[in-house]
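Next come two complexes, and both contain chain A; in the first it sits with chain B, in the second with chain C.
Here is the complex of A and B:
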């Protein structure tokens, strides 16, 4: 069963540029009044999974999450969360959903203790034991006001307030943004401890690929409002390999399989990425194309795969991602 | 009901200092000599400050109560929490109405019990209705605006257009047939207040339930124009 389903989800925003054009009487009607930021997003998040949306800044990850949380009304397509259309999400559904976003306006005049006391009555399933456990893991200063907390500590407070009632679905929007390594590790550990029973489905948007690789069992890459792929992390890691050939002959690229991408050559070596790796067939192809050269096949990290795909899709993204 | 009470307690606790100052200044004004306005500034300066506090603080307080959990922006904390817009609006309206309608009415009731007033003084019902109308107007504007500066800007814009439309309507009233003017003057002013309160309540409904901001703005504009027009018809004397 899928806990989140979207079909051809699109989102448009009114553009400031078009309003300005209208004011200055320079509007070009063919350009339209809106900017499309999501293009036919189709996603299925299975129950119990740890699903990551990755992509560069401005790719459309946050907008997708906001549509899923009924914070934005979709311009087109269908989105369902917990089997309910997102525009109809109500008290019953939100009692089972945790949402953590750094842009969320918390009541910052409250102390941590007051904030937890404030959140508790909203959730009949609030677990005081889990709250105490998370409090001790995160080491939160109970008497300090939220306004006085660092970004990392504020994320921990927000996460605690969204985990303590054991939600069925936890939606995290860039939870690792601006966190130091210690705070990041605390957040990750707290998250893993709370969701390890497999009862909570986690949907996380991040461009922190290392954390995503550590946590997620499914990954979707969003680029310029479009889903480029969505597949299990294991299968993604399994089908990408960096191949290095001790031979500098670029002409080989012309006759090679289309799955071999990102060719690079220099200093007597040629390297490329195999995006459809299969041990037997890749080795056979290497044998065919480089019969007299030494070939090294290396696994890739999710970060390397992400950069490879982003470069392939949009060369201008190269600098931003790296 | 529990969640409504929970939100009311939170809003009251957040604004308790301002509420205290407002209540204290209100009581001071009530206890002051009735003819203090005739005195000099140095004699009764503190009372003028109290009087200003009494009228200005509620305007800011209403904004603070609504904008703490604003429903317009997508970053509002309670928008992803299990509380329906109905309960949230009930909590906000409940607190604002208790503070700025019920409390002043009680104070007035006590005052009238101590010092009887002439029969020409407006009844408590009329005062309550008018206060409710003002509270609804301020609530709708506060709920629609994202922050305090926009709220005050919207109020100033509203006041400006209120003045402008009064000027525009004066010629319209003169051009209206006398029979119709006489008929409109006989209309029950309480009924008119109730009808136009409905526009502001509908604007609040659209902000909280439907999040249709353009519809809410349209209703507020109609409410403003309608109130001004009907107010002008009621207050402009008929020519002899």
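Here is the complex of A and C:
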């Protein structure tokens, strides 16, 4: 079973509209009064996977997560978590879900100790030993109030309170946001120590592409409220290569093999990106088109792949020639 | 501390890099037959990688006969002919390819590369 399943999920927010907006929307009330932020989001998060949502600020990642946690009611489409429609999620399901988000309202007046004591009774599967282990790993100041804590420490408290009961599903909204490198390392370690391989499903939204590259087995790119692609990390890294040839070759730009993009040629060199790399076929194609030149094939990081795809989709983001 | 040396780089599939590093370590005798191999959990935490990836790595190493799983102990390095010279040379293949490509870009000849190689070999100690 997929732990999370959405089909054609749409979401609208009510927004204040000016008279001008209403007029230019042709007096159509819903077009004037609401902003559509999610369009046809269809995602499946398989059981036991580590699934990352990446995308620019404002793309719709947090909105998607809020719908999944029933903090927002979807405007259209289907959203199900643990086999249940999100609007029907109840105590039984939430006892198996952990949610960590910057926008959470934690009781700021409580101390760390009080907060953990408060959370514990809600979760029948709370593991005291795991709690102690994580407390010692994170080094939390038990008698400090939550509103006195730094961002990093607050994230650790929130994470601990979500990991201690070994949830089936862990949803993390930008957990590394604003964290210094040491805190980030602690959070990653804490996460890896507690996640049961094959049993815990993790859905994480993050800007931290380096972390995503190592941790996620599947990545979905959300752009302007749409899923641009959803693919296993390994296959993404496997099919993209940056290729550089010691030869100028502008004429090929218009008729190059499928998958060869971002053609750039000049000063005795040509570079392009192969988005459908396969060792045998790419080498054969290079041999065919550049029989006498040295060809250098290099892997690309996830960050470079995303920037390539984002720029390709939005021509106005084309890199300026330096 | 893992019993094999590895420096993960961004861009290449992690599983591939780790499997390669383990093979190198076994062929080079850095890991000996019967030596316990770290658990999936430990690999995942030490390298800070997805536990599913760590699981795939161990499964692949078992499938290739580099490791065997024993019930109580976990995975151990399997008995295998200590890598013959040709196997070891093959493991250097990617690095050599990179050197050749860079040398060609710089317009160096094979003799110049060999001279450079000899100089570095001497510099890094007698063996």
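Note that in this section the second predicted complex is superposed on the first by the 294 of 322 C-alpha atoms of A that agree within 3 Å, B and C clash if a C-alpha of one lies under 4 Å from a C-alpha of the other, contacts with A are read in each partner's own complex, and residues count from 1 in each chain.
What we mean here is this: contacts are C-beta pairs under 8 Å (C-beta built on N, C-alpha and C of every residue); 3 or more make two chains touch, one makes a residue touch a chain.
Bear in mind the structure is a predicted one, so any value in this text is a computation, not a measurement.
Undergrad: With everything superposed onto chain A, say whether chain B and chain C fit together or clash.
TA: Chain B and chain C fit side by side in the superposed model.
Undergrad: Going by the contact rule set out at the top, does A:246 touch chain B (first), chain C (second), both, or neither?
TA: second
Undergrad: Touching A:281, do we find chain B (first), chain C (second), both, or neither?
TA: After superposing on A, A:281 lies clear of both chain B and chain C.
Undergrad: Examine A:188 and indicate which partner it touches, taking first as chain B and second as chain C; both and neither are also allowed.
TA: After superposing on A, A:188 lies in contact with chain C but is clear of chain B.
Undergrad: For A:34, decide between first (touching chain B), second (touching chain C), both and neither.
TA: neither
Undergrad: Pick one for A:101: touches chain B only (first), chain C only (second), both, or neither.
TA: first
Undergrad: Have a look at where A:150 lands relative to chain B and chain C in the superposition and call it first, second, both or neither.
TA: After superposition on chain A, A:150 lies in contact with neither partner.
Undergrad: Touch check for A:301: first (chain B), second (chain C), both, or neither?
TA: After superposing on A, A:301 lies in contact with chain C but is clear of chain B.
Undergrad: Could you tell me how near the closest CA atoms of chain B and chain C get once both structures are overlaid on the shared chain, in Å?
TA: In this superposition, no C-alpha atom of chain B lies closer than 26 Å to one of chain C.
Undergrad: Enumerate the residues of chain A that count as touching chain B in its complex and touching chain C in the other.
TA: None.
Undergrad: Quick check: in the complex, which residue numbers of chain C touch chain A?
TA: 8, 10-15, 40-41, 44-45, 47-55, 101, 104-105
Undergrad: Enumerate the contact residues on chain A facing chain C in the complex.
TA: 48-50, 185, 188-189, 192-193, 195, 197-198, 210, 213-217, 234, 237-238, 246, 294, 296, 298-304
Undergrad: Looking at the complex, which residues from chain A come into contact with chain B?
TA: Its residues touching chain B are 66, 69-73, 90-95, 97, 99, 101, 103-107, 109, 118-119, 121-123.
Undergrad: Considering the complex alone, what residue numbers of chain B touch chain A?
TA: 2-3, 6, 10, 14, 68, 70, 73-77, 79-84, 211
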